[in-house]
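Presented sequentially are two complexes of subunit A, the first with subunit B as partner and the second with subunit C.
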Partner chain A sequence: MKKLLSLALVVMMLFGAVSFASAEKEEVTLVIISQAAWNDQMTEMVDLYYQETGVRVVLENYSFNDMLNTIEVKIGTGSEDYDILMVDIPLVSSYARRGMLADLTPYFTEEDLAMLPSAAVTASTYEGKLYASPICNSSQVMYFNTMLLEQAGVDLSELQNATADNRVTWERVAEIAENALQVLDPDHSLGIIGMDFQQVDRVYQMNQLPNSLGGLQVDETGFSLDGVLNTDAWKTALTWYQDMVKKGICSRGITASELPNYFYSDKLLFMIATNEMPANFVKKEMDHWDCMPSPCFEGYEDKVATPTGSWHLGVSAYSKHEDEAAAFVKWMTCTEEATEKFYELRGMLPVYATLLEKLAADENTPKNMKIAISESQNTAYPRALTPAFNEYSSVINAVWSDTRNGEDVDETIEWAIEEFEAQTLKYKN
Partner chain B sequence: MKNKCAPYLLLLPAFLLICIFKIYPVATTLQQAFIVDGHLSLGNYQRVFAEKTFWKCLEVTLKFNIVTVPLQIVISFLMALLVSNNIKGAGIFRTIYYIPFAVSITVAVMVWSLMFQYNGGIINSFLSIFGIPAQGFFNDKKQALWCIVVLCSWKGCGYWMMFLMAGIKNIDSSVYEAAKIDGASYPRTVWSIVIPLMKRVFLFVCVANTSSNMLLFAPMQLVTEGGPRNSTNVLMYEAYKSAFRYADMARCAAIVSVLLLILVAISLVQFFALGDHDARDAKKAAKKAARRGVIA
Partner chain C sequence: MKTANLSASAARLHRKAMRKKYLVRALHYFVMLLVALITMFPLLWSFFASMRSDVELYKYALPFSWHTIFPVEYTFESYRVVLTELGFPRAAFNTLLVIAIQIPFACLINSIAAFAFTTFDFKGKNALFAFFVVSFMIPGEAVTMPLYQMVNKFGWVDTRWALIVPGIASGLQLFLFRQFFADVPSALIESARIDGASWTQVFFKIMVPMCVPIYITAALMIFMGEWNSYMWPLLVARREKIRTVQIMLAVVKMEHITLWSCMYAGAVLSVLIPVALFLPLQKYYVEGITAGAVKG
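Presenting the complex of A and B:
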């Protein structure tokens, strides 16, 4: 009996030791679907989080398009492989509608939400529940290559002194670029581009042209482009852009991923780009640049519309570590320490109220950031509000791309209206 | 008994793998295509057939294959004839012709997109020497599909050449000798002897080439994204977009099943057109004769 008792004790002891060891071993590791372009900054952020909390966060990086596809495929089919995902703001409602995101409402207090811009909170709320939290905002700035423009004999003061109340017009920018190209690259043998958009062919940046003429993104149902694209605003914007390409001022055949390189390597005079570009200029040792607010169209000075809205963090509805994942999202997006660190690393327009106020008040805040803050508060124009945003962006991207390639503007518009109608049928039935 | 089971046992692993990785996904796709809101329905097909995009994609897919398949087979056959000659250095050319196939499709697409680039691409630079204005290539709706045909043929011909070359090498040398004695010229030998004797190889190349080109969409995805104006939007790419961009698996399943049907139909036509009729006729005649013999 004694023997049996001692054996039982030994077994119990071993059992206890094993369970203690396994409890000690159990360390939470969170996985984020992230953008490859953000790898350096996100790596520093997750390292910092590990130092503070002991929770390891692993990045799984993808290119922009692949990341969206991976989210659709993996989270859309209930994969438990990921805990956190980067969410492009127009997709929040689409993901939430399909049950891909966890409800974050219980994790954010009213005080937390008060520190975030109400527009961003509204955009990440679906049927009264918060599904994502903004990590940053974006705003557009017109950058120009001072060295090339000086070489072409352009007086920079007109550009450098431009303000939000006294903008240079698109027509004037085109004129300066055309004249400068005649001096710098008259036979186009050097391949210098007059002006362009960092995200050429993409709805996000290109739509600012029709929006700045009073054009809408999508109709109020969110499922039709009729009465939106076939309006003067869109036709004028598309025709103007096509003329710029035909005249050789804007580029043809260069993709959005290639275009910034043309600016870094002195092959592009004017570039509309997001506010965090200067961080890239430093990396590429490009120091002869300046910036000004986005141009306006002549006669439409009061209608300037600049793209806005950027990346949010959400928690996968299928995560096994929802609490830990929500804690990371909250730390990353809703604490002064993390948002300040991320701004320092990435240079993107922050959304956290105290940091934003600090930047706005600080005289040493860079010019591009001052412009971005002003634009985000005064001319920011939200992207199309539609659960069919993927379909919308595919169609509108094709509109810009086809226009750039010389297709007839009216035919392109007609095609796009029909195509979007067909693509969104599944939402209507 | 043992001997009877052995072949089936040996075939079982391959059969199981085919069932798991080929038949099961096909069956699931077909099932998905016929289900709308949990009920059996033709709704997905109705929706797809009502779309202009689907018909445009079908047109592009057929146009692409009608040009690409014969073009690749003719080029591959000519290349195979060249490298089948027992002359010095033929092996080097064989390797050179085969190299494009060893290059990954992504790399090939990137290289060709740089060459075809509107601004500063090598082909436009070359054309400018002759005063020809810069061409849109991948950015022109009239040229984009044909640029993809060039790209695919550059990459694929070396591969199909290997099969055709093996077919040529397989022809008994005595047949060539007999033709030579009869005074047949080289083109006559190729036309009347090589081609008829390679019917089976041609059939394989034809079917395999059609399948691979029907399912090809990497260049469309990587360079043109189906544009300009859907001019390179093949059915397979549309199916891919449906599934992975729009998360519309039902539409994807409907498109893929239509594609599958077309592929089966084309393959059957090819089997019928290029099948070994002589052998079949001989078999039938032998069977008939045997039956007569039994009756007698």
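Presenting the complex of A and C:
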């Protein structure tokens, strides 16, 4: 009997040891909703993280547009399949308000946050809690086609020597573009565009015009455009842009996904675009370009406002591995090692303070990146902070689109104020 | 002399009539050719655009010239990208697999339901039929969230079940089958029953063989629906291994850049398979769609 009992005890101990060992070996696998275009770089990052921590992170890739829809449906329905989300910065408050993101405040110390741009931290904060952390930032640079401008007899030194303290004005850029078009394409038969915005008729880039005249994005409540759009800054900006379209300097009818192709194909003289654009120039074998800081309006040299904000990482409120997911987010966004590696791989404007300082001081940092770093530290103007950002962007996008198509500016503004009011009623009740 | 004049005049009239006939026919062909060209233009444009670089595509957009449509340098690079880097063959296989499983089940279930609605009388029949008919008038997007929750609870997300099962029951197909079955003379069914055929035999040995066009129509409709389906596969097919054609194609549209020639190459490839299937079966499709349109 004793032998039997001892044997049973040994067997039980063995089982215990085995189950303990297997519990020890249990691996955490995190799933991240990510952009398909980032697959190669993100794969390297998650591999590096696995080597360091033993935590596996699996990428679930979607195209840019699909990713936002997927997050809406999957996290909106409380799916527990995901741990980390790639969050477009203006949507943080919307997600946070709907309980889709976990509170990251306990995971980030004051010292951690001090390493990130305050604008990005503010945009990631909703009702005093941090819901996301920036993986990268963005800024805007004015690119110009040196070959076409030289053919038109433009002296490039004025453009090439422009600095953040000595910017070329919008009015001057328009004048140069108009004169160059007179030489290159006087009857518009070649379809050359004088100047344009990469993300034409989208909030992100277009709002820099009124913002650079002192205009706001949205009112303090985040739910009204009254007192914002019906101001001189917005009216002047919209009217100026409409005039540019009417004169044939800016384009009409070309979408944001098409516009950069006109630059690569020598059909566009000046293009305001993201600092990442040179990577595409290389892919398209476009080598005759240069860049300068975003222009300013005459008399508003001290009010320059440049678009900013990019992708953040947040943790799904329904994740079963919140601690591990938050640890990955912190490693990816708030450590020197990971931010440097990600910059090396993808070349996007970084957010980590020490890396920014290093790049700013480095002589080999490309001109477009130096401009972007300077703008992100001095003129960056965040997008509207409102939980109704989806409604906001659809209304303001329509304002830019209608203005471009020749609608009366005052009527468009009036419509937009009423429309946004109507669309945000659900948030007020 | 008079007879000769008359025959000459008749010959002249005949020649004139013939000339008019040829002219009308030529005009007829010209108009048809013009309509065909207008219809084919977007397809031709896509075809040629898929064989040129993005830069060339925009470089020759204006002024309108031969090279606005036809490439200066033909390249198959975009096809290489779509077929190898983006994984079109796997996506096409996934889509075809879903369709191949869905078609027999959908045809069987929807036609049996339609047969019941056509043949039997039961309480609440009309209300139930109206309920099914209304179901296909509700946009798919409106039921996406609850359907996703349901499929998620079943544990089907990221499996082929989620792609196949929700598409089987279809109000539209049930409606089509019912309309077609209603035209089958009831005397046929009654005489089969008198001869001792069971309901199963009536369905499989009389209705199904008589209604081949509507089955082909239903199958083609399922094919087209699933081949072009986007939102639902996007949500439920998480792994790239089971993703379908349209989801694969969407990857070419990125945040700051769109790979236009790859998009055109993908569009051309994704058109080829449905067209290859549709052309030989189109007469059945038309027959099936128009069935029940005229009651005689």
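Here is the rule we use: the second predicted complex is superposed on the first by the 382 of 429 C-alpha atoms of A that agree within 3 Å, B and C clash if a C-alpha of one lies under 4 Å from a C-alpha of the other, contacts with A are read in each partner's own complex, and residues count from 1 in each chain.
Going forward, a contact is a pair of C-beta atoms (placed from the backbone, for glycine too) under 8 Å apart; a residue touches a chain by one contact, two chains touch by 3 or more.
Remember, predicted model here, so these are calculated numbers, not experimental data.
When the shared chain is aligned, subunit B comes close enough to touch A:R252, but subunit C does not.
Of the two partner chains, neither subunit B nor subunit C is touched by A:N161.
Within the superposed three-chain model, A:E419 lies in touch with subunit B and out of touch with subunit C [touch as defined at top].
Judged by the number of subunit A residues each one touches, C leads among subunit B and subunit C. In the superposed model, A:V73 makes contact with both subunit B and subunit C.
By the touch criterion stated above, A:G191 is placed in contact with subunit B and with subunit C alike. Within the superposed three-chain model, A:T239 lies out of touch with both subunit B and subunit C [touch as defined at top].
Common to the subunit B and subunit C contact sets on subunit A are residues 69, 73, 76, 191. Every residue of subunit B that touches subunit A in the complex is listed here, in rising order: 47, 50-53, 117-121, 136-141, 225-229, 241, 243-248, 251. The residues of subunit A lying in touch with subunit C in their complex are 35-37, 60-66, 69-70, 73-74, 76-79, 81, 189-191, 198, 257-258, 260-262, 264-267, 273-274, 276-277, 280, 284-286.
Contact residues on subunit A toward subunit B in their complex (touch as defined above): 68-69, 72-73, 76, 98, 191, 251-254, 390-391, 394, 397-398, 401-402, 404-407, 412, 415, 418-419, 422-423, 425-426. Residues 54-59, 61-63, 144-145, 148-149, 152, 157-158, 231, 234-235, 238-240, 247, 250-258, 260 of subunit C touch subunit A in their complex.
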